[in-house]
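Listed next: structures, encoded as structure tokens.
Two complexes are shown next, each including chain A; its partner changes from chain B in the first to chain C in the second.
So, the complex of A and B:
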């Protein structure tokens, strides 16, 4: 087990008004993301609990790209990771942001 | 006096010798090794029919049972090296040299034997290329083939898995060679004549049906959300963008995902009737929902697929069928169709390098090529226009004179950035190059050359290589969809951003793809059982795919 906590400043506040959402499952090669709108407008926090140790650098890269692409200002993400591949993490984070936007 | 019929006379003498163990053309299974000893001479070129699917397994065992003092140093010229016996004959010294196309299940052992010097390698071919050489410089002296049934004259019925048989027989029988067929049964009248009797010299009745491998069945239950996202990118960013009607799908989960998204996601995009209606394709079970939903007009097949026989028979509007109602496949014709009459090939691979060269060879496995290089190559002899072909040609050369500009076939490589066991799809240097160095080959076994590849699709996006103008741009376009692999992380971010602004790279958000749609509920069938249901019970999957 390894815990990581990544802070970012997003370019813009996240869209939508949903307070909270959950996506994914905790399983081998998968992950669960809990997202909450609890931070100030541009702040973004990603807390990760992962089964796979030693991948801090990849997490940093995945999260930095995510913040740049989706601008999730004001959102706190709690990730429970079962050793998912980076592409799966990216997809789940994108899905989490979409859920916070609500119906389009 | 000069004589010009030495080969025919030689063949007739050998047939006479073989007839000593036959009754008419019929040879008992236990006498098959003696037959082969009578008709084979050391150094002969032999096609031991190993196709992609159908295997002449009885004749393989018979060849392995001959006396190596009598029959040795054979030159095997066969498309598939699939059964262990295909390599055992080299261990025993019965065979010496090999020219082939595909070696899926034997890929590890064939690599080991090549390294150990047990096999003298001619070349690894594409199917069409090997078939072509059957008529020029690799004509078999003896062909050992497989069919479903024969009548007493030797007319053969190959059933749905006709595959390579007509090509092999054509080259052998019409150039003074001998054709031996193993059949599942001898009957009074065959359901249809796939091979006429005068091309067949001996028939052996096997105790059990020839072996066929279900190579094209992908269980929808194993399709991931990443593959679904990648498939949506392909459908919206390529199928729709170019209006691709005529195409070939490789095997693999990414293309199975596309097949299962056509009736759902494709329908929602209003693409029915506009894309994916005519295929050169094996009877993929995953295409059943699209067929049932009215997407598909016509399919020509290289071979058949285990369990699809009744479905095909009941859907003769879609498939090519014979007078008996069953599928008629033909690998040589279908490969030609894929090469000349399809506007797109889309398939997966194991490794892609920085210039887009791809290979399924790793340092310990030589899987061969099969048909992908024919499907995945621009046909330089093509002359008929079509919308996707012209558009691709225009993208590659926007300043060329339209009336003199070649079109381009769309050659799409699709896959997740990390494959099975988290092995990266993208590499700085192909294992194939290392292998060629080690084996001192003149050519590295490249599946599809980078200059033929037009698009690479991963879950991160689509790289359109037609729009790249320099090799540096090409490299950055590839890095730009290589995700978090080392190759992907080695990208020049500014250059990749610039390529994205030019539309060379397109991300899911650039195409308006909602990540929430990347969900298994989007698949038209989520299990093999769903496919059976879609087929109205006509599809009968082999037991290894049944879990109910």
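So, the complex of A and C:
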């Protein structure tokens, strides 16, 4: 297992008022993303525990792209990864942001 | 996997496949919209203390979602296993969450419990804790039933209901099963490994399905209700079964023992599920595995054995 912690500053606060959401499952080639609105407006933290070691650069690139596209200010993402591909990771992060925009 | 893309705020399509749905989606399919309140949710991070020893990934809910909600306006307690995380297997925390829910049901006394099984049994990496959890859960099911709570099992997930999950299912007040929902204790590979391929060929999927699958379990009376693989069908069946299951007393157990003895006497010599169906007098028994759900339900209703407590 490898732990990664990526800090970013988002251009804007994330939309919506949801406090917490969870998406995905920890399985081979899949991951779960727990997202919580617990940080100051523009801060964004992504904490990753992954079964696939040595892919820090790829995570950096995927997360940087995600922060630029979705501007998830104020959100903390906690990820348990079962060795998902970068496209799956992007999709799950996007789902997590969408869930935080919901009314629930 | 289309359901996973639907945001939580939107109700899932009622014809969503139960087999394909996640544990959380199944809860939303089953309960009244917006009524579910999770207990010990993923944000509490009550993860397994054992998996890190094996350098394995953890899941924030340890593969089981527990909480309460309402079903057609009535309060229910509910637990759903996530079959895709470690085969839905019981570990220490996973088991403790279900035990706690059942003890709450015992203390409340009148609130039913719905257990959405999807499990291969005990998680091998935490075998002792998992086995203890199974024993605790079985006791908790019986205590909840003794206190007046109905405990209904719903089985139709990809992992089926195996190992200790099969034992717990056997303790429930009633079971709802779909064709995909296999129920057994030893799984196909376990039987083949221990008894040889002549005893059970685990790669023969047709054999696995007609021995452990939902249709056979319904015909044997091990499951009270057989349903099609949709969220709506499971919800309708849960409502119906909650209205049907009787109380729990010593007579329930002695009747169950008598029925199990009769089953062994009547079918002990049968080598295959098809032989049992023929012995039951079902015409064209060999066609049962291929029957669509609606035709099978009609056949099973004619064959009887509803409210059959023996599993």
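The rule is simple: the second predicted complex is superposed on the first by the 102 of 104 C-alpha atoms of A that agree within 3 Å, B and C clash if a C-alpha of one lies under 4 Å from a C-alpha of the other, contacts with A are read in each partner's own complex, and residues count from 1 in each chain.
Going forward, contacts are C-beta pairs under 8 Å (C-beta built on N, C-alpha and C of every residue); 3 or more make two chains touch, one makes a residue touch a chain.
What you are looking at is a predicted structure, and each value in this text was computed from that prediction instead of being measured.
In the superposition on chain A, contact is made by A:98 with both chain B and chain C. Taking chain A as the reference chain, the count of touched residues is higher for C when chain B and chain C are set side by side. When the shared chain is aligned, no partner comes close enough to touch A:40: not chain B, not chain C. Applying the stated contact rule after C-alpha superposition, one finds that A:5 touches neither chain B nor chain C.
In the superposition on chain A, A:85 makes contact with chain B only, not with chain C.
After overlaying the two complexes on the shared chain, residue contacts for A:58 are found with chain B alone; chain C is out of touch. Contacts of A:69 after superposition: chain B is touched, whereas chain C is not reached.
In the superposition on chain A, the residues of chain A contacting both chain B and chain C are 95, 98-99, 104. By the touch criterion stated above, chain A contacts chain C in their complex at residues 1, 20-27, 30, 32, 34, 36, 49-51, 78, 80-82, 95, 98-99, 101-104. Across the complex, chain C meets chain A through its residues 4-5, 7-10, 22, 24, 34, 41-43, 45, 52, 55-61, 82, 84-85.
Residues 58, 61-62, 69, 85-88, 90-91, 94-95, 98-99, 104 of chain A are the ones that touch chain B when the two sit in their complex. Remark: chain B residues 224-226, 229, 416-418, 422, 458-460, 483-484, 489, 507-509, 514-516, 518 touch chain A in the complex.
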